[in-house]
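Each of the next two complexes has chain A plus one more chain, namely chain B in the first and chain C in the second.
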Partner chain A sequence: MVKLEDLKKEATQILKSGKVKYIIGYAKGADGFMPIPTFISDPEDVENLTWNPACVHNLTKFIVDEKKRLKKDKNPDNRPIGIIVKGCDSRAINVLLQEKYIDRDDVYLLGVSCEKTGVVDEKKLAKTLKGQRVVQIDFEDNGNFLVTTESGSEKIPAEDVLAERCIECKANFPVVFDIVFGEKIKRQVDKPFQSVETIEDLSQEDRWKFWKEQLDKCIRCYACRSVCPMCYCDECVVDTISFAVEPDTSAEEKAQKIKWIEKSPNLSENIVYHLTRAMHLAGRCIDCGECERVCPLDIPIRFLNKKMEKDAKNFFDYEVGFDPDQPSLVSSFKDEDPEDFIR
Partner chain B sequence: MEKILQKKSFPKWVEKLDAYEIYSPVKKDNTWSYEIINTPGDIELDYPNAVQAPKKIINPQREVFLEFGRSDDDTLEVTEVLPEEKSVVIFGVRPCDAKALTLTDLVFSEDIKDNYYGKRRKQTAIIGLACNTPPSPNCFCTSVDGSPHSEDGFDILLTDLGDRYFVKSLTNMGNDLINLGKGLFVAPKANEKKELAKIHADAEKKLKRQVNDVEKIPPKLKEMFESAFWDEESMSCLRCGICTYLCPTCHCFDISDEVTSVAPFKGYRIRTWDNCQFPDFTMHSSGHNPRPDKASRLRQRIMHKYQYFVERYDHYQCTGCGRCISKCPVGIDIIEVLNKVRDYG
Partner chain C sequence: MAEEFEPRIVAFLCKWCSSAGSDLAGVSRMEYPPNVIPIQVMCSGSVSPLYILSAFKKGADGVLVSGCHPGDCHYIKGNFYARRRIALVKGQLEFIGLEPERFQMSWVSAAEGLKYTEIIKDFVNTLKPLGPQTKLRRNP
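Coming up: the complex of A and B.
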């Protein structure tokens, strides 16, 4: 098991020695059991760090902010930032390295092993507990979580409340790290694509009906884009205006900004948005599932990414985020790549 | 007007409202939302609160202003599009969301009357449901001049008394709706009024969260415009639009033209919700943005609700529904932010 004390000890040490400028980790939230991302630069605040099955967030997203700050800073502090990474999050680091978005020494990775379990799905947990208010959730031995509610503590089999992505996870242990906490436990995943297969099995007609209903709900809050560690473009295809405007950009140039996707939150535009997003993540998505977790309207966005992942695996034997040196899926080819779908 | 309606008579009353378009909370894949219902049996009032406030019905995310196009002889034709005339009833509205409408009324009916909003507002009856228990663990309406049984913005307020509803009509529109169900409603007895008072009083005690001394916040905020506080508080913000789009009081909008067909040329001028958390919000054509980073955008959200609006209209532009807290992907908690503001420095 990951010992929080060990994690805190290392965090204190790297902050005190000045090895990192700050650490991004998890801390207890103001209310409820869900932790919040925290940014620690004072060793005294390391006390606030926490690690439990509700540490769902993929903290590698905050690298984008750091890059932006460094760009603006006249005297940038180029020391690495410390980040706590789960297995899935560490795969995101590998993709960012592969895409040369970051250098390896931009980050100091404090890996945490999910061992036999993973993180919780808040909605499943609420359903299992039938509305009881959760105060705290902790890892227990033998694949259980210890859930404390207002009326007491109980052991729950993790598999009942695990996030879907954890059930299909291929990296319960970080694939890249500077130091790691917890054990490396081999975990067999027999059906890594079982969730998306339930959609694939539907008839074309039913699939269309399913997606029409789901994507019609979208209010285009772009939380799925905002939370994604791979969505780091300065200007996104959905932005209505150009951010590359300089004082001498002509009015004509400004007006020429192509609107790929209109602001109207209707089915047609929503579909273009979500499919564009999915395509941009083909060969890049590491299945941290954050896009789906944050969706306020419960749109099962992860299916789209999972389908891309499945096709990449089946057609091109490509897996994301295990090797930072592999050529990227969409910018490379092999002689044996299939061509039968090119018409 | 105060009445009692047996729950078993409720569908019969709704049947009498067949001249109205009826919205009610409906559960779809685990999520509650206001939808048009076709049979009275589809109305579910045993529910917490909808993810999206009924704001989406009165002030829809996309409103068409004009339709434009070229006719056969190549002249440009522009036609104004107004909201469809109809009578609408929304059931199951929570007090925080109804109060939010009264706040948006101030904005859209101040010096310039907004025909689109105004028309929808006028033709829509809001039937409330008092909160006997807080619909969300993050409810804090009592901190911001609200209550679980506030009557602000309602035509009728229902309170669940177990097998009956205590029905209080607050407007002529409400009276008319009750009159359509004549015979189904009876006058409340003294003990039922007592029961009502007890339920309302108990409901207030059940609220778990609050912002103390909220009146200290607006003057404090006024001094905090340049504070480093906003950098600290916004560190984890992702720049998504959840807090603002789900907010029952947020009403900022953008107007744009959308061309739907090039030949023949056709399109719409539309109003869509805008969002102060997005990077293109208040972006100038020069490329300058007075709110260039997430610190200034979080500041805008808090300042608008707890300073600018208070200064202008003497109300908090927040009704304590807790949606922005419950749905924030990184747990940014407005109650916590406000408590810190109050105690800052």
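Coming up: the complex of A and C.
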């Protein structure tokens, strides 16, 4: 079990010694049991830190934001940032290191182990509790969660309320860290791609029916893009604002500006957007599931990324986020890559 | 009698091999269906997934990506990258339920005019029974 006191002690110490400029962690939210990301620079505020199964967020996104901010800063504070990372988040750090987006010295990683469980799925929890208001949720031994509701507390087996991605998780222990809390327990994952396979097993027409229904819903709010730690391009392919229209921009130039993806949220454009996003995340997505969590229309975006991960594993024996020194998926090749689909 | 459906194929041909191969088919007066719209690209490795999706979006019934044989790439390894990328795109398109026959890849060298015509003939024949591609098309 992760001892919160140890975490707080370490956090206080690194803040007091000036080793880090601030710590990104989880704090109790204003409403309900869901924690919120918090930035702590004053050692006295360390008391706010919390760690429980509802800490679903991938905080590495804030590292990316900070990196962008530092580029514009005239007197940048280049001390490392302390950040609390779960197993999946630490893989995101590894990908950022692999892409040389951050240096290892930019971050001080406070790893936390999910041990035998993981984080909860809010919707599953609400369903299990049949609408009772959750006040607090905690880790319990033997793979259970201790859920405190307004009417009392009960033990719930973690598998019942675990987020889908945690059931298929390959890194329940941080793969890169400076200091780690909790035990290293290897959890057995029998079917790492089960969710994708359930869709693959459908007939082609049913698959199309499923995705047509799902992607037709998309309103193109780009929440999935905003929350993704890997979507850090300064210019995104879907943004036409990146094309600066100045007083001397001719009508011809405006007309010839290629728009790969229109802004209008119709099915065809949505498919191109989501497939392009999945392709851009090929070999980079570490399956933190944030895109799916923030989606206001509950589109299972994760499946598209998971399919990429599966293909990368099956075709090219490529696993994301375990080795920061490996070449990236689409900028490397092997002689024995499959080519049975090519004439 | 209703007119027979004629599929429209967008073919991304690499400049150094496949495009030269299609040229050879042309200058040798080999006959093949006129359903293909060739687009010359510098290398099969330069074909972005967006080109493919864009072609489907704008109403292509089939998309062909063709490059040099492995080891023959003018840029040494461009077609190896293409091979990897196309495998991923193909998987993704099948995953959302597009007919896998609609997207093909081939290796055609500058001397293989005949192979090029055969690929196009086969492609047209497989696309005809499938009918028009309406899934990814913008205004079906």
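Just so we're on the same page, the second predicted complex is superposed on the first by the 326 of 343 C-alpha atoms of A that agree within 3 Å, B and C clash if a C-alpha of one lies under 4 Å from a C-alpha of the other, contacts with A are read in each partner's own complex, and residues count from 1 in each chain.
Keep this in mind: a contact is a pair of C-beta atoms (placed from the backbone, for glycine too) under 8 Å apart; a residue touches a chain by one contact, two chains touch by 3 or more.
The structure presented is a predicted model; accordingly, all values stated were derived computationally and were not measured.
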Scan A:266 for contacts with chain B and chain C and give back first, second, both or neither. both
Please indicate which partner A:29 is in contact with in the superposed arrangement: first for chain B, second for chain C, both, or neither. first
Have a look at where A:282 lands relative to chain B and chain C in the superposition and call it first, second, both or neither. second
Touching A:185 in the superposition: chain B (first), chain C (second), both, neither? neither
Quick one: is A:233 in contact with chain B, with chain C, with both, or with neither? Answer first, second, both or neither. neither
Thinking of the overlay built on chain A, is A:307 touched by chain B (first), by chain C (second), by both, or by neither? second
Show which residues of chain A both chain B and chain C reach, each in its own complex. 266
For chain A, which residues count as touching chain B in their complex? 29-32, 34-39, 57, 61-62, 65, 123, 133, 217, 219-223, 225-227, 239-241, 243, 245-247, 249, 251, 254, 262-266, 290, 293-294, 296-298
Touching chain C in the complex: which residues of chain A? 199-200, 204-212, 215, 237, 260, 266, 268-269, 271-272, 275-276, 278-279, 282, 303-304, 307-308, 311-312, 315-316, 329-331, 333, 335, 337-339, 341-343
Please name which positions on chain B make contact with chain A in the complex. 28-31, 33, 51-52, 61-62, 137-138, 209, 235-236, 238-242, 245-246, 254, 256, 258, 270, 272, 275, 278-280, 283, 285-287, 294, 325, 327, 329-333, 335-336
Seen from chain C, its contact residues with chain A in the complex are 49-50, 53-54, 57, 70, 77, 80-81, 83-99, 104-107, 119, 135-138
